[in-house]
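Across the two complexes that follow, subunit A remains constant while its partner is subunit B and subsequently subunit C.
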Partner chain A sequence: MSSSLLHPPAHLSPSVALQLSQLAPSLLRNAPSSITSYSLSSLWAPAESPELWTTYENLMLSCLRTGDEQSAHLCLERLTERFGAENERVMALRGLFQEATAQDDAALKQVLGEYETILAKDPGNMPVSKRRIVVLKSLNKTIEAITALNQFLDASPTDAEAWAELADLYVSQGMYPQGIFALEEVLLITPNAWNIHARLGEVLYMAASTNDSGSDKYLAESMRRFCRSIELCDDYLRGYYGLKLTTGRLITNPPQASRQSKSDTGLPPPDIKTVERLNEAATSKLAEIIRRNASGEAGWQGYDEAEIIAAKELLDRQSAPIIR
Partner chain B sequence: MTWLSNSITGLGLLFLAHACYSAHEHSALHSTSTASISSIVSHGTSAPTVASLPLDISLETIVAVFTVCLGLVLGTPELRPIQWRVWAGKIEREGEKGFMNGDGQTDKDYVGNPFKVLESRPGFIDIRKQRKEFAEWVREGGGTSAAPKS
Partner chain C sequence: MAQVPVQTIHRDPQLFYWILIPITVVMILTGVLRHYATVLMASTPKKQELPAIREQRSLLRGINLRVNAHNLSPSSFETRKAYLVNAYENGAFLKEPEKKGQAAPNPMTDPAAMEGMMGMMKGNMAMIVPQTLIMGWINAFFSGFVIIKLPFPLTIKFKSMLQAGVATRDMDPQWMSSISWYVLCIFGLQSVFNYLLGSDNAASQMQQQMGQMAPGAGAQMFGPGVDPDKQFRGEAENLAVLAHQYTLEGVEERLLQSVKV
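Take a look at the complex of A and B:
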């Protein structure tokens, strides 16, 4: 349990978050509130560990999420006591606390104003600039958030997290080519991130579903991205799901040998035989994953339940026409 | 499996101690006997008799060392995958449970998918949205009906 407090709790399910925040009072009582170096008591006090402060930070996030503001404030106070109010990360956390407790948009705008004064003093404060972008997003000023994020990335172009956020913002606005570009930037920084490969495949698939002109190219590219994600990660359910979807569509409406392909520098459209074999491979792998997960086989239980259900549905949907 | 490796290591150590003890005893006995002989034959050729250990003690030492090695090798924890796709697949397939150590706790250095932060993005966490979602989840009765998973 304490191990999951060492990781950022953003992706946890509500029940786990609730559980974590219910741990807060006892944790706060037992954990040392502050660690003083160079004092007599440090002789018998437990050694300071980085995990302690990570725990405080993540505990604070969980508590804010579940509305336990008292514990969150206590965490924040202890972090401030240890690292000082001028610490960039602590500043961002205090802003986060104010955001969470802000009652309406006016209060949120006040927080935004505070961020801007901080940034006017120190434009290099990365955590606070990120918070500012989030507040802009939260106020439904997505376009401004995108502009701010672009400025942020001009200053720090190797921040994969920011590129990924930018990609999501673009995709939420339906600007798929920009989103694809941002995801490709993420992959330049972390080329082995299998989930980002799958994400890029998904965005490409979305782009192919809406866009008519370059749809074939997007679809083929999407298939390749899913293939790469599987190559990087054995038995990757998300990758196989995407592969099954894309190859299924490539089989039903195969890409026409387009005239403009001569001017394209991109890869040629995939061979229909290859696509069919990939589709078969994805189907059998998905079936295997579902079967083994359902039978409770040890070592196959790490999958997300919702993903398993979705994969089952996909298989049922695709196999139904064959049975009839 | 641990008891097997532990007992093999223990046995090897026992053999090793025995071999050391035998060697010590042998050398002690040998030196006293040669000393008494040399005192009797005081004017003989004073070539120092090379105290060579008997073959069985040397053999026992070697066997003991190999037994200890075998025990230690058998006792190594399960090797981690070194291929990227195997390692990543293990994370996806088994989740946290795949990285338990002996006493049922997840390894301290377990991070799960290290690239998950690129999708959850703790730096860009939208706390208001999360609070709203959580409040909705509570309103739907998620807090009471759904038994919290471990």
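Take a look at the complex of A and C:
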């Protein structure tokens, strides 16, 4: 169990996070509270390992998620004792703790003010400037958060996390071209991230659904992005789901060839036969994934339950007219 | 053939207790001490200012674009290329835009570079000073002692290695002098330090030697004495001549060929 404490806990399901934080009291009792590196006893004590402090950090995040503020505070105290209150990461974690224990917006605003004082003193403090952006976001100041993120990315344009966050903010505001740009930047940093390819496909699909002037172009690129994500990750449910959606739409309203002759992407519109074959492949692959997942075959169990249900629903919706 | 008579030297057993063991113990203790001295003296890496971070990461962004351009559609690639090439050539990302075009500062006068060199000096001093001291100590007190007989035969070639400080021509190479024991300790105590101090201890000399031979690639890229403006110009040129290819071209056919349902 403690091995999952060495990974950032953002992806953990609520039940696992609860389990981890319930372990916290015993872990905190057993783990060494601090390691003095200049005493004689350290010759015999086990050597200090980076894993210990990663564990403290992740345990703190899990505890904050589940509301165990006492344990979280203890973790924070020990981290502060080891690395000093001036450490950038510890400063960000302290801020995170204050955010999590803030009762209302006024308290959050106070935390925001603290961040701004820190940043005025040291504008190069990356963890704290990220926290500031998150507080802005949770205070529903989306526009300010976007501005702050843009400033952040001007100074640090190789931060994939920040670009992805920016893309999410833009998409939430309906600014799809900007969102697409930000996701493309993420892809430049992590070229083989199939989830980002699929996410870009989703945003392109959303962009295609809203405006009609360039929708054909967006739709074709969206389909190709989903293709790429499947190419990078076999049996990728989200990729196949998106592929089925996009090809379905391309079949029902095919792109006009006359307007498409010179599209922005530089690629010709997809051949209708290819689209149909892709649609068939996606349908059968989705059915296969659902079937194998339901029958409990080994190696097919990692899928998210909600995604499986959504895929099933999509297949049912599409197949209903054929049965009638 | 007549058997060569085995050389026997009558040694005082006290030699063993008062030379061999003290040398070993002193060596181990110095290693431990050196570890903690290095830990204490280690200067924390200096925090970079925001403009310096911006300069480095903007260059990395251009490199990322060049390496991973195949993920972008031609139009988005062209836009980014135009922006970055223009900004690189104007020096928009430079830490000190007003110094554009001047020669790179002399690394000896740059305080940031001096810091790094001082760190290296400190590491070297922590190695050299105690070793010189111990060597002097052994030379002063124990030079010329033959302290131990190795339990296995050796050829004559080992004589110079094992009998440093003992100028006896006919002595069997199995006999070992105190200075040679010291040299053996320097190289042989590695695993003892690993056990005592953990595997990444500062007492190990191998690590220091490795570090001197291959400084990190990242340090070279943004190291002192490198003119960032030149780097930006080089990168702008690399970007400008890049032949762009798009991965999504023909991805449908590739996928249809590979997917087996």
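Methods note: the second predicted complex is superposed on the first by the 317 of 324 C-alpha atoms of A that agree within 3 Å, B and C clash if a C-alpha of one lies under 4 Å from a C-alpha of the other, contacts with A are read in each partner's own complex, and residues count from 1 in each chain.
Here is the rule we go by: contacts are C-beta pairs under 8 Å (C-beta built on N, C-alpha and C of every residue); 3 or more make two chains touch, one makes a residue touch a chain.
Every value quoted in this text rests on a predicted model; they were computed, and no experiment measured them.
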Review point. Which term applies to subunit B and subunit C once both are placed on subunit A by superposition, clash or fit?
Key: fit
Review point. Does subunit B (first) or subunit C (second) touch A:121, or do both, or does neither?
Key: neither
Check your understanding: Who does A:67 touch here: subunit B (first), subunit C (second), both, or neither?
Key -> first
Practice item. In the overlay, answer first, second, both or neither for which of subunit B and subunit C A:195 touches. Key: first
**Study point:** Superposed model, angle subtended at subunit A by subunit C and subunit B (C-alpha, nearest 10 degrees)
**Key:** 50
Revision key, fill the gap. Max touched-residue count on subunit A (subunit B vs subunit C) belongs to chain B
Point to revise | Which of subunit B and subunit C A:231 touches, first, second, both or neither | key: both
Exercise for review: Could you tell me if A:29 is touching subunit B, subunit C, both of them or neither one (first, second, both, neither)?
Suggested key: neither
Exercise for review: Determine, under the contact definition given at the top, whether A:277 touches first (subunit B), second (subunit C), both, or neither.
Suggested key: second
Practice item. With the two complexes superposed on chain A, say which partner A:221 touches: subunit B (first), subunit C (second), both, or neither. Key: second
Revision key, fill the gap. After fitting on chain A, the minimum C-alpha spacing between subunit B and subunit C in angstrom comes out at 11
Review point. Common interface residues of subunit A with subunit B and subunit C?
Key: 231
Review point. Any idea which subunit A residues touch subunit C in the complex?
Key: 37-38, 43, 47-48, 122-124, 154-159, 181, 184, 187-189, 191, 221, 223-225, 227-228, 230-231, 264-267, 270-271, 274-275, 277-278, 281, 284-285, 288
Check your understanding: What residues of subunit B sit close enough to touch subunit A in their complex?
Key -> 84-86, 88-98, 105-106, 108, 110-113, 115-131, 133-135, 137-138, 142-143, 146, 148-150
Check your understanding: What residues of subunit A sit close enough to touch subunit B in their complex?
Key -> 1, 3, 7-8, 10-11, 13-19, 61, 64-67, 96, 99-100, 102, 108, 127, 130, 133-134, 137-138, 160-162, 164-165, 186, 190, 192-196, 199, 231-237, 299-303
Review point. Can you name the residues of subunit C that touch subunit A in the complex?
Key: 32, 36, 39-40, 47-50, 53-54, 57-58, 60-61, 64-65, 67-76, 196-198, 246-249, 251-256, 258-259, 261
